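Consider the two complexes below, in which chain A is the common component and chain B and chain C are the respective partners.
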Partner chain A sequence: MRFMVGKAKGQRSATRRQVITRFVATAALMATTALTGVMFGSSGARAEDEIRIGVIYPLTGAAASTGVELKAAAELAAAMVNKEIAAPDGLTVAAGLPGLKGAKIKLIFGDHQGNPQVGATEAERLITSEKVVALTGAYFSNVTATASQVAERYGVPFLNAESSSASLTQRNFKWFFRTTPHDDLFVTNFFTFLEDMEKKTGKELRTLGLFNENTLWGNETTKLQVRLSDERKFKIAEKIIYPAKTTQMTSEVQRLKAANPAVIMQSSYLGDAILSMKTYKELGFSPSMLLANDAGFNDSEFLKTLGKDGEYIISREVWALDQAERNPLIKKVNDLMRERSGVNFNGNSARSFTGIAVLADALNRAGSTKPEDIRKALQETNIPGSGLIMPWKGIKFDASGQNELGQGIIVQVQGGQYVTVWPTEVATKPIVFPMPAWDKR
Partner chain B sequence: MTADILLQVLVSGLLIGLIYALVAVGLTLIYGVMDIVNFAHGEFLMLGMYASFWAFTLFHVDPVIALPITAVLLFGVGIVVYQTVIRRVLKAPMLSQIFATFGLMILLRGLAQFFWKPDHRLIPDSLVSGNIALGPVQFGLPQVIAALGAVGVTGALWFFLHRTRLGTALEATAIDREAATLMGIDGQKMFALAWGIGAACAGLAGGLIATFFPIFPEVGSNFILIAFVVVVLGGFGSVTGAFLAGIIVGLIEVLGGFLIGPEYKTAIVLSLLLIVLLVRPKGLMGKA
Partner chain C sequence: MSNRTVLDPRKALGAVALLAFALLLPLGITDPARLNFFILILMGAQLGVAWNIVGGYAGQVSLGHAVFYGIGAYCSTMLALSLGLSPWIGMLAGGLLAVVFALVMGWPCFRLKGHYFAMATIAVAEIVQILVTNSEFLEGAVGLSLPLDRSGLAAMVFLSKLPYYYIILGLLVVTVLVAWAIERSHIGYYFRAIKDEPEAARALGVSLTRYKLIALSVSAFLTAVGGSFYAQKEMFIDPGSVFVGAISIKIALVAILGGVGTLMGPVLGAVILITIEEYSRTLFGSTGSGTDMIIYAMMIILVAVFSPAGVMGLLQDLRRHLPGAGKTSETR
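Let's turn to the complex of A and B:
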């Protein structure tokens, strides 16, 4: 208040004419604003409004290369919703926002640097000072956990599109929704896949080496893998939880080599995925199957960096470019992505794209930017698989906020491509098994 | 079977330990000469890796052959950093010095990400790729070359410090700056030289690691924590100490990780740091 008074005093030198001019100008401005309000109806959003959506990704730090791709995918989806780019017919985003009188969405990005605390701070900043109506992100499960807590506290919808830690939808949150299938499903798929493979090849694949990184994601995956191994009578020959930021993986790989399991199940982010492959080769360790848990192994950089040393790894996916044969929309959207940012979609970026599409769909049906209306609309989401670029049956949230219609596929790197090898009904190539030894490639 | 694996683990530990030593000698040299802890040391390593990467990508010069260029380049970087940043905080409180090098670390990471993207890169087919097997023990050729390089560089540094006039002058400055100045040694020049050599060592380490480790803007942070442990264990300022400590840390990390469990390997190394600080704060060969 003191400051205001001081300022008013300073303005005393203004002439009377200036004061009148200012008054008239302000009145005119207020009248125009009021008029616009009347013209477009005050209950809905005004046409020139932008609807601000907060997007939290790791834009710097170790996972920045992934974050930048996710950002590009989200921006492509937003551009389609805003009709800046024509979306292929049939795609959910092609609808735009008629429910909000063609308002435009604007993505406000936050950078969590791979750090849960930073993620929470960014969520708070986006909600309180950027006034976003909904949040999405954050790729890392542990960051999604903290950032969505902030959203829950403020009563702002948080749509998570690409974190797969199962516990995220077991927290009874009211404002949290997740489109991607979670790790339980993916990991269960691995075991079903192994049983299928045993039947098909007649080889025993019952001894497992669990090799997971030590953040929330790796730890939860390990727990689940242990439980499922017990249930399905698999044997764990070695269980390793390693520090993700490491200079060498010799001790890890030596232990795996000593235990000699038939199948390695590995969860790694990009840097350690590359380092582990280098170490496998260096120490001449080749299990008959390397089952990777997405993430680093599916990053566009993985094959670009490793080249032929990345061949034959098997990974779970939510997405693969060869699925374009099944759904022509995928090819069209991917072409647009490549045009804009020079890279193909991958499982991560395709899910980010889908996240924005789902938010836009909910906003459109809500016809409002009130958090409660958006939340209700999200709950009523019912998008058929044909409107998505994902190999899912569709999107429909259960009471916990989890999409019930998602499903996973299993891919293998063959000839520098990720090709779908399982489930058989969507497979495009037969699987190469066992993985050839390093000296026989 | 167990003996073979144990031998393999020891060899791997030794190889990575020698690289830790090379990263740490530059750090310890700078500290020894002027009592400044360089938090941006990992970023010098990162610059060395990128120098090799670009030499390879743009001019098809193998990292191993590019090593002299990398060293000269990083020597220059060290001198520039000293002249533009460090010289100004020489007499400032320790906190200012810490913030100066810490800020430099963030700046260099930011610049690397801005200019070279946050991608992970790898040098695909270096001259030294591949494996050699010696009985049951496998060596990655890049690791062997890197370790040999580390021994060579550390040896050369030791020779320089103890057997040449310039090196002795540097040592003299480290021991007592004022006395050295009275003997006609230019302290400023010696400081700049320490930064140049320190950065060059990190750069050489970077060039050697670049043959097998992914290259990305944050790569320094993977190594710097261990480098600090090595410096503390070896004794602040002691090049010989850092060399021995590097080997010890490498062996303990790999062996401990193998025997106790890889999830504890960082904890094992950091416990070592705590024990050294509690029991022998001056480190193996440090000055009290």
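Let's turn to the complex of A and C:
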């Protein structure tokens, strides 16, 4: 580490040539520093009749690809509100903003890089420099936490469409609203789903094997699962918390196999999800049901890597493409998305789209761009499920700002596709149960 | 190295002018986002100067300073949430806890030298992050939120940005003064001896472990104080925001970019690094093409290639070669 710590020994007497090179380098560095500073001061001119909404997403860093998708979805929603693209009738966004005499909304994007402090800095910049009337974002739960803190201080509505940490709506914030269901609800859904399945199939699904990874998410999920199985009289046959990004799972899977639970509840990111499936096959372990907690099991790489071996797993989702088959409105919106940005909607981008739609709906009803009016309108939000592209009953906020009508869905891999199998009212295919054994496929 | 027992009047004047500028700066700023930018610079500078005590003067490169930062943030926040203790006290408590931790961690780690010490600090920081993530007592991954309703000087929560500016400026001044006092005292000479010629220092009777531990403890205390300030400013902490490796790297980067082992080098480094970081993001971040990160990275590469001694080293080289500047060339 010497080279970083101190001057290298020969460096004290630099030659003239070195000095000149260094001088140029310093000058360039200083110039860039100064220049970036000057350019910041001159934000572009803004039209009077445009309503500015701040949108904070991870546009660089590890989650950049997700952030760019979220941005495309938000832009599509804004274009529909502004009538630049004809939205299918019946959709909330199709209404536009007659309440504001057809004003246009303009999205101002901020990049939080997955860093909570940057998220707060961007929120403040958007509110004070860019004069946005409302904020939305930020995908990462911890960034949403700091960015919404800033919005709360300034008294600007913050609509969160895609962060699922339950604690966000337990803070008694006045200006915070969340449309997506949170993690507690997703896990609760699992148990409701299992009870439904028992009724439908007449089979006992009361013994559970919990198989979760050991980072924050896996741990939080485990805690919740243990609590809920107590409350709902399920029995935990085995509980394994494995180290994330592990390179082998043989002993863990052997323990699961020995405990022989009816249902495996698993929370894994991509690499671990693939590894576990390979290990299940190797050891010939096939429970009646493999109930995965989204993440790795729903990654587009999961089926690409596993092919047929990924079949029949069941996972939770917030959205699935087959919803477009069920509902022609969703299909039309998805076609427009594909036309514009070349990708289909997924759970994240569909929720972002919905976030902008909800904000536009509130702005329209408020008929004003005053934060207090927008907040009141958000509180009175009552959008039916038919006006959304989400498999929800609708949008209506409770006192804490949480949407009461949201729900998760449960999908199963069938024929290389994720198809919705639960809840029944949005299901597109019947469930395959029990999961066929490896040698009978 | 010349004997500096007397204060150079020109330097003293410069310091006073700089402080006066910093004190008056917010008066001309009405935009809170702009003021926030200066707060970020001061935060970076304070951490850089604190890191420099162990990483620069004593030459023990730590790439795990996030652990002290996180301890400071969690300690003051936990005390405020559970006992309702003022963060001013919590800040000191966090600092002391960080010192205890530094002593426990330094004892085994200082048996390692150079790169191996740096690696050990990374490992310790990772371990602590995992422990905190899984600690139910500390709310694990969910993180801690400070309530907004308790605002005021005692609670160190303000709606305006101005008090934050002056608090962090005060912390930076204290940190620089500590570094300055160390630089001038015999401890500072011991540190530099340990860095340049550890064997010779030992032969002369300098206890290596003892002085390395002193350097790490002082640095840890000041870094933890910076962490408490972060918690008070953002009002939400989780392991992913205060214990991550990215924080450790940034703290070290500020000092290395500015110039390790120099008093004001980290301050200069923070000005440059934070300016580039913030403005490149503001200008290009919303495009989603990563331009800001490319510019940011290029700047760091440029400095690393052209001057391993940091921007401060560049300036000193230049000064030495400018005509008529021979007299000041001794300064470090």
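In the analysis below, the second predicted complex is superposed on the first by the 257 of 441 C-alpha atoms of A that agree within 3 Å, B and C clash if a C-alpha of one lies under 4 Å from a C-alpha of the other, contacts with A are read in each partner's own complex, and residues count from 1 in each chain.
Note that a residue touches a chain if its C-beta (ideal position, glycine included) is under 8 Å from a C-beta of that chain, and two chains touch if they have at least 3 such contacts.
Predicted, not measured: the structure shown is a model, and the values here were computed from it.
Trainee: Under the stated touch criterion, which partner chain does A:P116 make contact with: chain B (first), chain C (second), both, or neither?
Mentor: second
Trainee: Is chain A touched at more residues by chain B or by chain C?
Mentor: C
Trainee: Kindly classify A:N214 by the partners it touches after superposition: chain B alone (first), chain C alone (second), both, or neither?
Mentor: Both partners, chain B and chain C.
Trainee: Looking at A:T60 after the superposition, I want to know if it touches chain B, chain C, both of them or none. Which is it: first, second, both, neither?
Mentor: A:T60 sits against chain B and chain C alike.
Trainee: I'd like to know which partner A:S129 touches here: chain B for first, chain C for second, both or neither.
Mentor: second
Trainee: Once the structures are superposed on A, label A:Q248 by its partner contacts, choosing first (chain B), second (chain C), both or neither.
Mentor: first
Trainee: Check whether A:Q149 is in contact with chain B, with chain C, with both or with neither, and answer first, second, both or neither.
Mentor: So A:Q149 only meets chain C here.
Trainee: So, does A:K71 touch the first partner chain B, the second partner chain C, both, or neither?
Mentor: second
Trainee: Of the two partner chains, chain B (first) and chain C (second), which one does A:T305 touch, if any: first, second, both, or neither?
Mentor: So A:T305 only meets chain B here.
Trainee: Chain A residues touched by both chain B and chain C?
Mentor: Common interface on chain A, chain B vs chain C: 60-61, 64, 67-68, 214.
Trainee: For chain C, which residues count as touching chain A in their complex?
Mentor: 31-34, 36-37, 40, 55-56, 59, 61, 114-115, 117-118, 133-134, 140-143, 145, 148, 159, 195-196, 230, 234-236, 238-241, 246, 256, 260-261, 271-272, 275-276, 278-283, 285-288, 290, 292-293, 295, 299, 302-303, 306-309, 311, 313-315, 317-318, 321
Trainee: Could you list, by residue number, the parts of chain B that touch chain A in their complex?
Mentor: 1-2, 5, 8-9, 12-13, 16, 20, 110, 113, 117-122, 124, 131, 133, 138-140, 143, 212-214, 216-218, 221-223, 226, 253-258, 261-263, 265-266
Trainee: Quick one: which bits of chain A touch chain B in the complex? Just the residue numbers, please.
Mentor: Within the complex, chain A touches chain B at residues 60-62, 64-65, 67-68, 214, 240-243, 245-252, 254-255, 257-258, 270-271, 274-275, 278, 281-284, 301, 304-307.
Trainee: Under the touch definition given earlier, write down the residues of chain A that touch chain C in their complex.
Mentor: 1-8, 11, 14, 16, 19, 21-23, 25-26, 28-29, 32-33, 36-37, 39-40, 59-61, 64, 67-68, 71, 108-111, 113, 115-118, 120-122, 124-125, 127-129, 142, 145-146, 149, 152-153, 165, 167, 171, 214-217, 219-220
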